[in-house]
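Naming follows writing order (A, B, C and D), and every chain is counted from residue 1.
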């Protein structure tokens, strides 16, 4: 049953891609969206059954792929990722109907979204090295085409595509190398066989394999310092695609780390996981900081994806380290928390990207400095975006808080493990969690407050209209998910428990007591978000009622609408409002050492006296410091090598032959 | 005296020494730095005294007295005179800004926990496991020594290092040989005296103490 | 070191000594206070010579300590129960004065402080002058004097809180 | 520590009663503490100062005035003050202030309290941005910046205690530290206390971080955010701020000086707990007020140094805890 459902889930999006490519005009949009939504539902059913029953399914067919054939298998770990992707994909497909409708979309646009979706659903089910690599490459290719599909002529988009292609292919090469190395030494390319025989492999080999694959998976997940493609690609992609990228594709990086590190290599060494945790700490801090500093709505969201991936990596690293140290209960708890946060992140970040797309759709810009006052123009979008923003800021009663609490609890109880290095890593993790908490709240207060509240800053914002029902439906699906998982997080526990113990080598015992809330049975610690919400609502009603009952004379009952207090100024315009840039300024000043903002200030003086400036222009941009410090030199060096190489072959046949001969000799020497 | 209580006091004293080092990094006012020093001296003396009472070791008691006089009163007093001589003196511009150096201090503390944890694992007992606090004090002291411009605050860094060393010594060997501790305190005393002479002459010449200006003089 | 640094913090010792420079005040007039117990005022300088400002500052200084009667100057008219206006209303300040009063939530009062505010004083009919406060906004309390003494200001404001 | 309502000890209604009592205590005590701090300040300046009950007088007057909303505001402006008060109330209900047996054991968690406080700050900041004025936005920006640096210090500082007690459950921490009096003098406790005092000063916007009685918009942090609130809205905001102050002071008092907190849930014990809590909070408030009088406000961009110091003290506290374990 689950097998057929999952296969339908794979097939429908492929069919949708075909339809999207062939059907004429508007109809291709609707057809593709409907089919891929159907596919997502089917995939959800299939994965859900695996998660609930806990029985994986295995499938082999020699037909599709020559030489090796295709091996598919879905265990609870993979199923969790398939289910998450399916939910985000469902929302994105609904949304794409309205999103594409402003102009008849190109065939690539409508074809690439379902194709990308199909590959995303395929990767977690790949059960052999060959299948995995093929699926991975397909995902890279379709995502690249989907990224380019909307406006491929904009220089930013092309630039982003180049960065993305470069990073993703370096990563894929590393993964290829690592997995092939693993398969050759393990003597089989099926994951099951490798997992069974990993003990026979020598530690240096497994370490090399892990580091190589980690390089690839971390770059896909967007972990610092391999994140540079992410803040370029996510903003430039069409919003449904960026929702899928942030909500589903980066997760697969995490999936790969778990699959290889825990499942195939059986836990491995302590330092592997400390490395992962370190990547996580760096990503969390750097991402949150840049999210707080950036003023482009989608760039902000992209950096906050780096931040949240960092939090998940902290959890994964801590879980791996604790597992190596033999703390199975704690390891299971922390991994469960990390997976929970990953699911939550998919929900709210997907929703936020769809919301940002709605902003762009309605106002024609993503620049927060040019928005404002949209809460009254597009109330529904504002509500859905607000739910996402509050969830990601970990406001109690929404899902972000539930998973961050669980993560904090796991790290806290991890301090009982008497390994100094692990404890230091845990401390770093908690510190990173704490710092990013405040920074994320700042970033999303900025996004929500500057984007949706106050007065509209430009004509575009003033002319904004609410988006169509299909787009709202797409956002609503994810927003509802945020609220439900926030109020009764307990419903996810059994599912997450299975996924976590499948993701941890040797499984993990149950750490939480089943129920609607979260209750660490033996570890003393529990919350009941549902009751908190009830309490909050009760307090709200009481406070409101108390004010209504206050003795006030009749004409003062209703609140009066008055001009905003501007110190009695004669006229005040939206130009006097605070902008996103100036909102972020204090934080930017505090963390100037990390952010390295560059300003330039030009003052042209009046002709009469240079004490009276005629015009003052101030520009400020916050570039990615890592990109500037790490990548620019590399790129220039590569370019230099390129020039050098161009000078070497001057067309003489002998020289080419000489090169070939030298290469041959080299190969022989190596083989000998 | 209940051993548990003695241990509590020792832990507290060690913690205060480390906290003093962090405070020294936090505050820019030189007077504050000096009061931190005397606080550290006092708590070191207390620690030594408690150990002396606990083991009934007279020599250690003497050391406690010496520490109290040297580190708690004399050295801070001399430094205070140097500072009082040029009023309003603050560490205006450390080479690393305060938040950054504070974060560095946090990292140093964790690092010393990792390193010293390995060392003390060799012969673990109630006192040796506190050694990381002393090591952290030494590291933070070095950091102060490296990143501060004013001669006085560099001396403060030196004294922080010295206090940290003394703390480690007390904890590991439960009472350093009397002479060693005396020697340490005395040479620091010597340094301070020399500094004061230097400072007074420099003030006579150039009015203020800033090593960067000295470098300019040099070339 | 530590002791000296403590000794340097004189206010703390003042607190311990509990010395007080505030003078005793006459009993309050309890009847008909518009804001019993608590009145916040937003100060508006409509064109004053700053004489009144000095006296108002004195009224809240230790000797008179108008604060002890539940009176406070606040930063925003939204937080205020009324305006404390000083000086004659100059032409440029007429609109801001009206806007500021509009920004005050009802019920609200206007206190005109000083001769200029009450009657225009020596600036009456001068160039660029609109007139006394009462020409622009309705005045409820008037404090005569050029400048009024802190004690008079305090007494007038006590009328608002009835303390 | 089960998360169910019907747990061991006193019955459900007794627990709910205790929680309501705590909320009431914070709601009345907060304004009184503010009044006390104003009084201490006045006396140190040689003034008589307003009566300690001044805050309550102000509230009574404010609820009777008309509410004014700026023309561009959305529903957020109306909701923000309510959310602020509600979050503070729930936090007060779950924190072991008077009794260690609040209504919902499952909610009595340090991280819950921290994030409830964050929720209040977020609501207030959004409210400040809703009017679309220059100063409101500036205040929100500054408040969020300072919160972004003080929240980590709070979290890690409390973590130092949680690691010591092996739980993040607040009643668990309080009862554990009652059981081990030796902890109260332990170095990590003192370091964490120092860190948390810095945080309390920051979160409640007192000198040297923010000057609650400034009239100059450019120097404002918290005050600038609420320049638009009038009448009932302002009453709610003032109430919420006072409750946060009372909550934080009570929390710090009970975490570091846990004596007198009722553990049984009996009527008399609860009353004793109430009295003791009042005494402890009063002492802390007076201390903060004295510090406030004797220091000058920091430049806005020196504030991060102070808070970073608090954060580092917290980290050092955790490490020291691991060392002395």
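In this text, a contact is a pair of C-beta atoms (placed from the backbone, for glycine too) under 8 Å apart; a residue touches a chain by one contact, two chains touch by 3 or more.
In this text the structure is predicted, and so the values were computed from the model without any measurement.
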| item | value |
| --- | --- |
| Most centrally placed chain - per-chain CA mean versus overall CA mean | D |
| A-D or B-D, whichever has more C-beta pairs in contact | A-D |
| From chain B, the most remote chain by mean C-alpha position | C |
| Distance between chain centroids, defined by C-alpha means - chain B, chain D (Å) | 36 |
| Inter-centroid spacing, chain D versus chain C (mean Cα positions, whole Å) | 32 |
| For chain A paired with chain B, centre-to-centre distance based on mean C-alpha positions, whole Å | 48 |
| Multi-chain contact residues (two or more partners), chain B | 99, 110, 113, 117 |
| For chain C, residues that touch 2 or more chains besides their own | 76, 78, 103, 105-107 |
| Touching two or more other chains - residue numbers and ranges from chain A | 420, 427, 556, 560, 562-563, 565, 567, 590 |
| Residues on chain C engaged by chain D in the complex (per definition of touch) | 9, 11-12, 14-15, 18-22, 35-40, 62, 65, 67-70, 72-76, 78-79, 81, 103, 105-107 |
| Residue ranges of chain D in contact with chain C within the complex | 40, 42-51, 54, 57-58, 60-61, 65-68, 214-217, 220, 223, 227-231, 234, 290, 293-294 |
| Of all residues in chain B, those that touch chain D in their complex | 4-5, 8, 11-12, 14-16, 18-19, 22, 26, 98-99, 102-103, 105-106, 109-110, 113, 117, 129-130, 132-133, 136 |
| List of chain C residues in touch with chain A within their complex | 44, 76-78, 95-97, 99-100, 102-103, 105-107 |
| Complex contact set, residues of chain D against chain A | 1-3, 5, 23, 63-76, 78, 82-83, 85-87, 89-90, 93-94, 104-107, 109, 111-112, 115-116, 118-119, 121-122, 125-126, 128-134, 136-138, 140-142, 144-145, 147-152, 155-156, 159, 162-163, 166-169, 172, 217, 227-228, 231-232, 235-236, 300-301, 304, 315, 318-319, 322 |
